[in-house]
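Following are the structures in question.
In what follows, subunit A forms one complex with subunit B and a second complex with subunit C.
Coming up: the complex of A and B.
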């Protein structure tokens, strides 16, 4: 599971891990595994999302989406994204199947032609509907795809400045992601992703993700209401707001079948 | 004041040095502006149009690499690997935000009943059917004349950068170095590839390199030439040293003050130093010539310098002010670097004048130079020349006037316009590479049109798309056009792929929903580093049409744009507009607008100078006569330029103002002496002989210095500077001739008793 934008949802029942002598790499991985564990087995989830995209030069556009997620055993998951706005592409649906080995497949349903098409994997790291988020941010981001390293502990970024955070470095194992590494802030108490800085190969910051408005659902799962991705160079930014978050609404594997993509939902 | 200078020379020199070094310390604060847009004023309407376009779409700081295999075979495993390596390099190049080439090109096609938008090249090149891929690529109209040459024998790799522009100088060098290192790596592994680098970013980088080169070649060259000339004239190490020290100090102070003011320099304004060095020597020459003459008749150093300051003080003050006035009128230019150049030179000449009457005057008290009597021999030559002109004046004057008329007619042959590629001499790699790319891969000259469709999503309206298509079709039929690129290329291609690659379906979709959804699908398939923001704006309410052109002159480009605009006016509904912009269009128009705005500056300074000459000679008639030898060299100079070179770039717009200020010097020296003699009751012939005996030699020396000094600029690789130097040099040489041919004959003809 865990698209990055949902990783910001991470939740927890467990207390912080017992402290022992471990390398920064081990410590980083342990924290992330802990976070993953806290978010596991949420069953299914539906939510509405709105993206306000600003290109940093005065241009602004809005996208509205409906998202459905199904958590399956292991790393496997299903996700379905339906476009509500802009109206020319309303009804367009994106389906992602992530297998247990974290490989994934994606399809798009085009309502005007009434056809479903596969999407090449090359598109995963590209921008999603003109936003600062990548398609990748919306699809599976399993722990296996990164190397981690615990960097330091410090106070969390505002507005959670009262809390202590772990800062963890995340380096993608594959190339073509558009960044060389990330620095991720997670609070120690709940292991929620609060902030992520993206760096290029020259170690220049290119993007920053901020997650705000965390709320707990089902007495367990934390979800942020607002995610803001800002581009440090172009001044562009995208604000992604979640609303109407519903857990365990009874979605089944069959709801995420490719040949059912066209049916209205 | 002069008593203090001559009485306490040590203190004066120390004071000058301390003040000079204080000013010069600012040099460290000089910034460099390598942006190609530095040549345009902030309120230039074409620049505003371009900025508006970039506001809607993305600003592309693009770097083009043309990868040319010796045998023209692009589609082999080895060559494609090299292209892939260069393309993928973007992810570790500084400030890069993406790249496109055939290596990451997403091809839309159908496979059986399925629509595919997949990479043209598979990850595994060895197992792929490269011949078939090559065939598809060569047939793909979106690749031709861009990512792949028309003949399919050269591939283009385009890398897009987004510069923070906090430290343009450092950013540009970092990109340049990183790109060259990457190219060297690929070149080492594939010695049979030629990789040419072009694009606006390379232009900026080339400008920066030429700035460094100019600093390290023009300045030393100018210094050596000036030393040689001064020594030749003075035959005195002391006089040469004092003059050079003062002038170098003036240049250092000028750039130091510019640094304190946080001015950004570029290759155009950098030439200020050479010009200051050249122009300011005149003051010292006049001062030291009189000083030597006084010494020769037995005066002590203090009396000799006091006499020299008395004789020359007013004239060198006035000539300095007139020079500065000419340079300041360069502020009428539309190009900020030339305004900076004018202001820097004006400041420098005033500083040099101050140093002449303080530093040099004081120096003569400490180490009185022994100036050789060679100056006297030169006076003899001048005297004989003037006598010859006077004797033959009835033949000389008509001949001169006929020549002036004939040569001035050449002005009409000049054509306005700058082509940014031709800013650099053919010796510069950037120019060779860009010409190669332009000829073999893709047109480097282009016009861009931004077309507003109305509201969000309206670019998908079939009626709008059909208007764009009709315009594109018309554009493609024009002889100047090589290629038209717009969103329609993708739309048509997707529609065809959607319908089983049926060639009859290579057309626009029927509904806006289809068009929008096809495009969304295609966008979703694009890899990181590629997007469509350069073709369509964020809320899909406007599109950008890029028209790549053959190499055409600026006036042809302007004519083409006018034709295109009138097609739009006739064939499109009134609410649909295609606003043209782009760097080529900007450079095409800037020279003409520079000349137009500079003509105001020229007339202003002309009027002021005429008024000054009238006042100086205390005679309306003399003042008006004196305009002739001042203006004809400029007319004849531009005429000869039209007959020989014929191209007028923006740098030449300032030449008239620049030279007018300098040419007037000579006339002022002659006329002030002539006028004085006339007022004492001398006949015009006597007054003429006296004036030339007084200043004739100094005229030769200062003019020779100026002609040679400006000619030094021809050693630049920056053609704007080369042309500025050559034309100025030519006009100043003509001015000297005019001073010895026109002035005496005109005076004898018109100022009779």
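Coming up: the complex of A and C.
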């Protein structure tokens, strides 16, 4: 009896290994890892950004930002967002340090008070400057922060309807992001994020992010010119338009030090 | 190819003379061009103007005030890693002359090289993290004339070296020049029991004009813990405000300056009794002791003025903050030594935040802080034994609407200070602000309670250009 069971077990194990199909979780993770690999080692990036915040009732407000990113080994990165307009908060700076283990820390510098404040991770789901983007949207979306599951393949959302996309579910491992899960559309050819639907715990769609106007830089890195975050409930939306994107402008670790947040730039 | 490329500089080097004027001419035109771009760049991108209209109502005194102010900020980077910052401020106040003035709040040059940042000039540097009292914040003098909360700071001349790491920094300061605290004048919210004699201000410095203060601060972040240790040796920014007999009031010791040894001086002013005094007093020929005392007291009262006195102070400050999810634990502690006396002060508390409230965007924070201060003094008494309960409300809307309010309660029963600050943007370039401060429960007969009628409601409208 015993040897037979053992034999059957071993046979089953051996049989399972070679023919075992990739699970949806593994497939999702593999696709996202591939996307991450393609975007790796971009060095640094600087850009200007404009946010147009529409409240869904005809009201419109503009924000001017300067953005600086630094890519470090592994999942580590630095991100700095500086406010140029509106003028009353000009000089406000949001700094994010993401460590190699993808844990991150965020600080905000408030020029009126001359104070640098650390933002608790629980406070990052809130809107950034009254927009539909959250503070969290300005930190690095590393692979380690989510669990993935491949859902299906389908034609990409407009305007790339000619392309095939993978639809992948990503679930944040930590709570406090303000949503329970996302469905993300990535084109199969270039692995670019084209669309993301955000769902709450009741599985109601709360927000949709669209990324458009992809351009390739340095012959390799794809960046969208325009990100639109729409609120499914209120009808409000925010368009974040990037311009003047410069790769490898020579940013260093030192430009992202906490003590330099209040420095003139 | 390589040979011809190499020969070019050699040929140029062989004819240095004819090359020189041409080169300097080019350099000059380049400098002029650079200067023009410099000016136009600064004017275009980094020159900011702010205009402000303000009304204040001192509700307990049934009077008010109005003021207009302008702020100008120039932020210019002549070369990468260098910056020049200028911030000027001017105000015209209708009733309180002490507030009508201009000030250079910042004027400094900054250079960065590797881990070192050097700054030279007038700056404002903020230390600390608690809400009810900015205890360890030391370097800049407060402008209480602007607002009693002391959060408006005057520029302090300094040479600053910062050695920075990722999340750590060591800052060293040399602070030449001392600025006196600006206090509300006549027409302001405070009703002083005696006139302020700012011209009598005493600064007990060791080395006169060439005196410099020194300070250092080390800060670091260790996981969820933020720590900072600071040290200061110089003229204490907080004056002792002493009642003194006015200069030239006729009391002993007031010939050249105000005399702050009031009791001694008044006692010495009494006519010295002789053997006949009791007899003459009994006959009613000279004033009785009681009459003399009453007359002296009246004369003393009429000649008392308030004199700010600054002394050397050494202080060691500690800041600590620990963040656990939505809870931030905060601590500021201070050991100081001034006039040979050591005193301790601390603020400890927490802020708990609820985020994503109401329509899913608003934040609400609960702030609780306990304050202690063992220093004896008119101003520190405000923080000797208090509890602060407050709340912060951020709507996180397009108008950046927010409010911060609370009450500072003296646990020995000496009164409460209620405060509310709220602001929101109107359109993109206008901002509306409201401040309310109410003092309740203080002893109305206590002369030292200068804030008893200082209740204030303030509205500001700012326009940004």
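Everything that follows uses one rule, which is that the second predicted complex is superposed on the first by the 245 of 265 C-alpha atoms of A that agree within 3 Å, B and C clash if a C-alpha of one lies under 4 Å from a C-alpha of the other, contacts with A are read in each partner's own complex, and residues count from 1 in each chain.
FYI, contacts are C-beta pairs under 8 Å (C-beta built on N, C-alpha and C of every residue); 3 or more make two chains touch, one makes a residue touch a chain.
Bear in mind the structure is a predicted one, so any value in this text is a computation, not a measurement.
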Review point. Which partner does A:125 reach: the first (subunit B), the second (subunit C), both, or neither?
Key: both
Review point. Which of the two partners, first being subunit B and second being subunit C, lies in contact with A:105: first, second, both, or neither?
Key: second
Review point. Looking at the overlay, what does A:254 touch: subunit B (first), subunit C (second), both, or neither?
Key: second
Check your understanding: Of the two partner chains, subunit B (first) and subunit C (second), which one does A:35 touch, if any: first, second, both, or neither?
Key -> neither
Check your understanding: In the superposed arrangement, which partner chain does A:186 touch: subunit B (first), subunit C (second), both, or neither?
Key -> neither
Review point. Which holds for A:55: it touches subunit B only (first), subunit C only (second), both, or neither?
Key: both
Study note, to complete from the structure: Note: overlapping subunit A surface for subunit B and subunit C spans 53, 55, 59, 61, 86-89, 113, 115, 117-118, 120, 122-123, 125-127, 129-130, 176, 178, 234
**Study point:** Sites on subunit B touched by subunit A in the complex
**Key:** 54-56, 58, 88, 91-95, 97, 104, 106, 114-119, 162, 164, 456-457, 460, 498, 511-518, 520-521, 523-531, 533, 537-540
Exercise for review: Report the residues of subunit A in contact with subunit B in the complex, numbered from low to high.
Suggested key: 53, 55, 57-61, 83, 86-89, 92, 94, 108, 110-113, 115, 117-120, 122-123, 125-130, 134-135, 175-178, 180, 200-202, 204, 233-234
Point to revise | In the complex, subunit A residues that touch subunit C | key: 53, 55, 59, 61-62, 85-90, 97, 105, 113-115, 117-118, 120-123, 125-127, 129-130, 176, 178, 234, 253-254, 257-260, 263-265
Study note, to complete from the structure: In the complex, subunit C touches subunit A at residues 48, 50, 75, 77, 83-85, 110, 112, 114-115, 117, 124-126, 129, 151, 153, 162, 164-169, 171, 219, 221, 226, 321, 323, 325-328, 353, 355-356, 359-361, 363, 394, 396-400, 425, 428-429, 431, 462, 464-465
